[in-house]
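For reference, the structures are reproduced in the following blocks.
Note that chain A is present in both complexes that follow, paired respectively with chain B and with chain C.
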Partner chain A sequence: MTSDRQFGQPGRWAVLAALVLLAAVMLVPFAIVTLNAFKSPAEYSSGGPLSLPHGLYLDGIVAFWQRVDFGLKLWNSLLISGVVAVAAVLLSVLNAYALGIGRVRGRLWLLVLFLVANTLPQEALVYPLYYLAKQAGLYDSRLAVILIFTVIQGAFGTYLLSSVLGRFPRGILEAAELDGASRWRILWGIVVPISRPTLMVLLIFFFIWTWNEFFLPMVFLISNDNQTVPVALGVLQGEKMMDATMSSASALLGIVPAVAFFLIFQRTLTRGITVGAIK
Partner chain B sequence: MAPPDAGAARPRGRGGYWLYLLPSLVLFLAIIVVPFLMNVATSFTRWSGVGTPTWIGLDNYTKLFEDERFWASFQHNVALIVAMAVVPTVVGLVLAAALFDYIARRFGARTASALRAAFYLPQVLPVAVAGVVWGWMLHPSYGAVNQIFGLKVNWLGDPDLALATVMAIMVWFQLGYPVVIFMAGLQRVDPSLYEAAEIDGASWWRRFWHITIPQIRPEIFVVLLTCTIAALKVFGPIFVLTRGGPGSATMVPSYFSYLNFFQKVNVGYGSAIATVLALIIVVVTFLFLRVQDRDQERDS
Partner chain C sequence: MVRLGRSAAVAALAAAVLALGACGGNDGKSDAGGAAGGGSAEAKTLTLWHYETGNSAMGTAWAEAMKEFEASHPGVKVKFEEKGFEQIQKTAGMVLNSDEAPDIMEYNKGNATAGLLSKQGLLTDLTEEATKRGWDKLLSPSLQTTAKYDERGIMGSGKWFGVPNYGEYVMVYYNKDMFDKAGVKVPTTFDEFTAALDTFTKKGTTPIAMAGAEYPAQQLFYLLALNKANRAWIDSFELYKGKVDFHGPEFRYAAQTFSDWVKKGYIAKNSAGMKAEDMGVAFIGGKFPIMVSGSWWFGRMQEEIKDFKWGSFLWPGQFAPGSSGNIWVVPEKSKNKDLAYDFIDITMKKEVQNLLGNSGGIPVAADPAAITDAQNKELIENFNKLSTQDGLAFYPDWPAPGYYDVLVSGVQELINGDKKPEEVLDEIAQPYNDNLADIGN
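Our next item is the complex of A and B:
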């Protein structure tokens, strides 16, 4: 190992120490939020943000949970993200089947269109969508948000999945055609089962992306009963009624589901990132 | 399940596949194409959101180009591109190479992936929640940062500091993404390249510069593109942390258009801002893809 000559034995530990220090800096906010979510306001003002909590003070978390009806926010987020993930994967599969395997005419233009749709800023759609939703009686409904994100995520899924299905082994498809299978059956009996790993990656990414969305849900979901977790937290941020530890509790409640998804889906997520470098 | 088409062992013409695109095309038209065109049309009018819009031609655009807040908002966008795309890419390259090529080999793959996970963790947060975390940490009276260091700094409320503070928060948020992508890219690289370079006595920096960077150029393009677009679109952190303020110290186009849509009810003006932003993002995307194409052609 020649490069040990450059760094030497102490140098090698210095590199590790520097990286560990940086990692610690990245994690400090998580630690501080967690630490202080379990303190009473009095404890916070006497001990400061770095002292360990004396006991498990849950009042801040409970009070915040009840005040925003956090269980309902969780349910709204789960419902919206779950339905969007499934519906967007379905749309992506149908589109990619026609574009990647069917190779319909003009597919290049359609792919560009889908890609552009996914990169468009939501600000360039928001007002007409808001106006149309009001006309259709869908404003302030979870359905409106579900429809919009199904299309936005589906546009990305179509783009990615079309190139994956473009490389689908032709032999399998031709064999099925010779056996007299219809296109519909080839899709559900062959293409979908074989592409399942990719579809699962898309499903999970769509779920998490939709969970994390803020702008459109914030515009569309104005009543407390419909809001998602990021919207509820983002809108309440800095409210005067919140004391130091309750603010910390609210941040923790936003962190926990996100980190939980990360831990649950870690392997799929890493695979997804390595497969398509998708974001 | 539709019955198998008995007579036709050969697939019918390609036209049949259009049916599969139908549901998407209908939704796509209603949710993307029509609203986008409506937005462009509205940008040529004066409209408060109720009643009939008044056609005013290019007035919104001429006003836009004379509007200091608009130009300021794009300058802040450039600052955010530095914070969300440039800095994370540069630092991410060094970190990914150090983890992959140094830490993993001398301290084990587990140490490397634990460190990678630590760098990545902020990325899993909804960006609005990241804003809530830092809004609390940096609160001028009870925030943890001031308490720990015994300061009285109004990080987000001081016009001279607010943008720098937001930039720092975005670096924290964004850094893990390039690290993960670059480390994944490095696994593709043929290890014999590194071995050969080591035998030749090439230093770590030389290997980094002459092997690592050229080998993962596709990943660098993807990261720069996605992060630049994310920076141009940034809304959540601005809404949560500063609402574009103080004054317009952290105003960005997305928030500026939102402000005109829903608070000042200058819907026409808001639409013009949004249209310009959309145009810039589409142009940036195409430029990146062109450069990437050229790059790949040159290689092959």
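Our next item is the complex of A and C:
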């Protein structure tokens, strides 16, 4: 990591330039959204989406916040995504302990089953889930969405964690067994602490994935009091009309929490990925 | 590094546990609240859903209607929830089949929406109320088309399942400044209209703002067909009351003329990929003198056009796409049907209807003298004129499920010049006839 190695190779500059360019391309949509969020509708209509706003027009954001009671939607999203992330990681750990370390019979087929469950489109699940939720009296409740996504995310987590734990160093486990540790103790005392970086990454992914879910929450969260942020954004898309500036304002409000969450946990995230690489 | 990681993880875990705890507590509370609300809701709350923006004509008028309802029904509260169009579109069937159904809601008119739900028994038959409360007298026959559905769920006859509050129609918006500059007068006949298009083209301006990727192109295509059509043809096409020949004079003329207009430069070739929003923004930005589209743009034009004078006139011809707006429906599982009927009755009252008209909408039962704004007056008078000359011709995508996309791609090919008009007609005839076979006609 000496400075001449960093700057000496022209190849590195090319890679850097390519990355900067890629980052710029990725950021353009966000820039356009931000630009339009601060424009008045009249400015948007006369100047088009790419013109620069004349001043800071905050009415769109304020009006949207009040119109959909955004604070409540944020809380709902936070609650659902938070609980799902924790519960799904927990479920994945328990499943993967049995499948990856416990080596239960037919684990390969179980994993294939989980993988297939993962690839099912949500549209195919809607009607069965709808009838189940109605029977259980959970239709139009946040608990229904929490349960559904805990299972959906848990299926992916189980698949991923099982293959990670399948390569868990056997020596450590055997040593613990010799010391008389129970299976329960091995899980919580050894397996979980050692694979914590991976679990943290899963937790963050589950949170962000659940946060962004639109279709199932739209179907299951009927009352406005229960709705999540992405469903609330849908209010703005009319039958024939769209309000481009307010949509931008709402999109900005919708993105910010997820980005903030990512920034807070991004160190954990990168560490989780590199830990695997070093080993 | 490691220590930091541990404390971060502990913090995250603590936060998660907190969230879990909060979830339990909150769920308990909201359940209790819901139960209590449900208990008293039987007598005291009217749950109402609609998906119009608060500051639109309908949003304004209906807010007033809710106020009047609460004033005339002491002790009853209106619980209004604004919904997204897509959510209602995709989930209405499921919601209305559950105990979470609202007492009254706005819903889309048409066979595939209100018709389908009525066939499934999810909507309340309103026939008796309509005659008792005189809604059938307030609404003209062509507006009633979208309120009634037969046992197959096809509109036009049968029982009342919905009540429309407002109308809509396709018209010609024009940029007065550009018309004056080019020395063009507002055309009253179709020949004058094409002459005006010609004048603009000769001066190097593309006259018609168009959007090939969405509804505007097929509505212009339909308008051209309507210029050769009569009511019997419209009833055949829209309500399956007879056979439609796609190679008959109506559609053949429409396809040929549309294709000619592209060749002559009345419609830009690059408009094939445009969306309705692009078209509207281009017109509002003063880039085109003419836009042929629906009254749903009206409020936005009033609000956003600042740099030039504009107006609207009826399409030169007897017919134009148009119908009632969306309808109020009462779910079969509504717990307060009588209150829902009362609410619909209030929305049909003169005061609410006049407010709708003064806010830029098209009321169906207003007092014309009470409309103060000149532009709104013109809009409503044109609608009434169209309605009286039996000119509301519905929309071209209504007859079959998924027909919207068929027409979009068909007309796009006319704009691109990919296919000959005759071939396009074959292409749009096939799904139409398949649907006829499906419903047993």
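FYI, the second predicted complex is superposed on the first by the 208 of 279 C-alpha atoms of A that agree within 3 Å, B and C clash if a C-alpha of one lies under 4 Å from a C-alpha of the other, contacts with A are read in each partner's own complex, and residues count from 1 in each chain.
We adopt the following convention: contacts are C-beta pairs under 8 Å (C-beta built on N, C-alpha and C of every residue); 3 or more make two chains touch, one makes a residue touch a chain.
These figures come from a predicted structure and were not determined experimentally.
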Touched partner set for A:Asn95, first chain B, second chain C, both or neither: first
Which of chain B and chain C A:Val104 touches, first, second, both or neither: first
Touching partner for A:Gly180 - first (chain B), second (chain C), both, neither: first
First (chain B), second (chain C), both or neither touched by A:Gly48: both
Which of chain B and chain C A:Gly234 touches, first, second, both or neither: both
Larger contact residue set on chain A - chain B or chain C: B
First, second, both or neither for A:Leu79, with chain B first and chain C second: second
First (chain B), second (chain C), both or neither touched by A:Asn212: first
Partner chain in contact with A:Ala244 - chain B first, chain C second, else both or neither: both
Contact residues common to both interfaces of chain A (with chain B and with chain C): 44-45, 48, 130, 218-219, 231, 234, 237-238, 243-244
Residues of chain A touching chain C in the complex: 41-42, 44-48, 67-68, 78-79, 82-83, 85-87, 130, 134, 139-143, 146, 196-197, 200, 203, 218-219, 222-225, 231, 234-244, 265, 267-268, 271
Chain B-facing residues of chain A, complex: 1-3, 6-7, 12, 15-16, 19-20, 22-24, 26-27, 29-30, 32-33, 36, 44-45, 48-50, 91, 94-95, 97-99, 101-105, 110, 113-117, 119-132, 147-148, 150-152, 154-155, 158, 177-178, 180-185, 187-188, 208, 211-215, 218-219, 229-231, 233-234, 237-238, 243-244, 247-248, 250-251, 254-255, 258-259, 261-262, 270, 273-274, 277, 279
Residues on chain C engaged by chain A in the complex (per definition of touch): 1, 5, 8-9, 12, 15-17, 19-20, 22-23, 26-27, 30, 51, 53-54, 81-87, 90-91, 94-95, 98-100, 108, 215, 276-277, 280-281, 284-286, 294, 296-297, 300, 303-307, 326
Residue numbers on chain B that touch chain A, as the complex places them: 1-6, 9-11, 14-21, 23-24, 27-28, 30-32, 34-36, 38-39, 42, 49, 95, 98-99, 102-103, 105-107, 111, 115, 118-119, 121-122, 124-129, 131-137, 139, 142, 144, 147-148, 172, 175-177, 180-181, 184-185, 187, 198-199, 201, 203-204, 218-219, 222, 226, 229, 232-233, 235-236, 239-240, 253-254, 257-258, 261-262, 267, 270-271, 273-275, 277-278, 281-282, 285
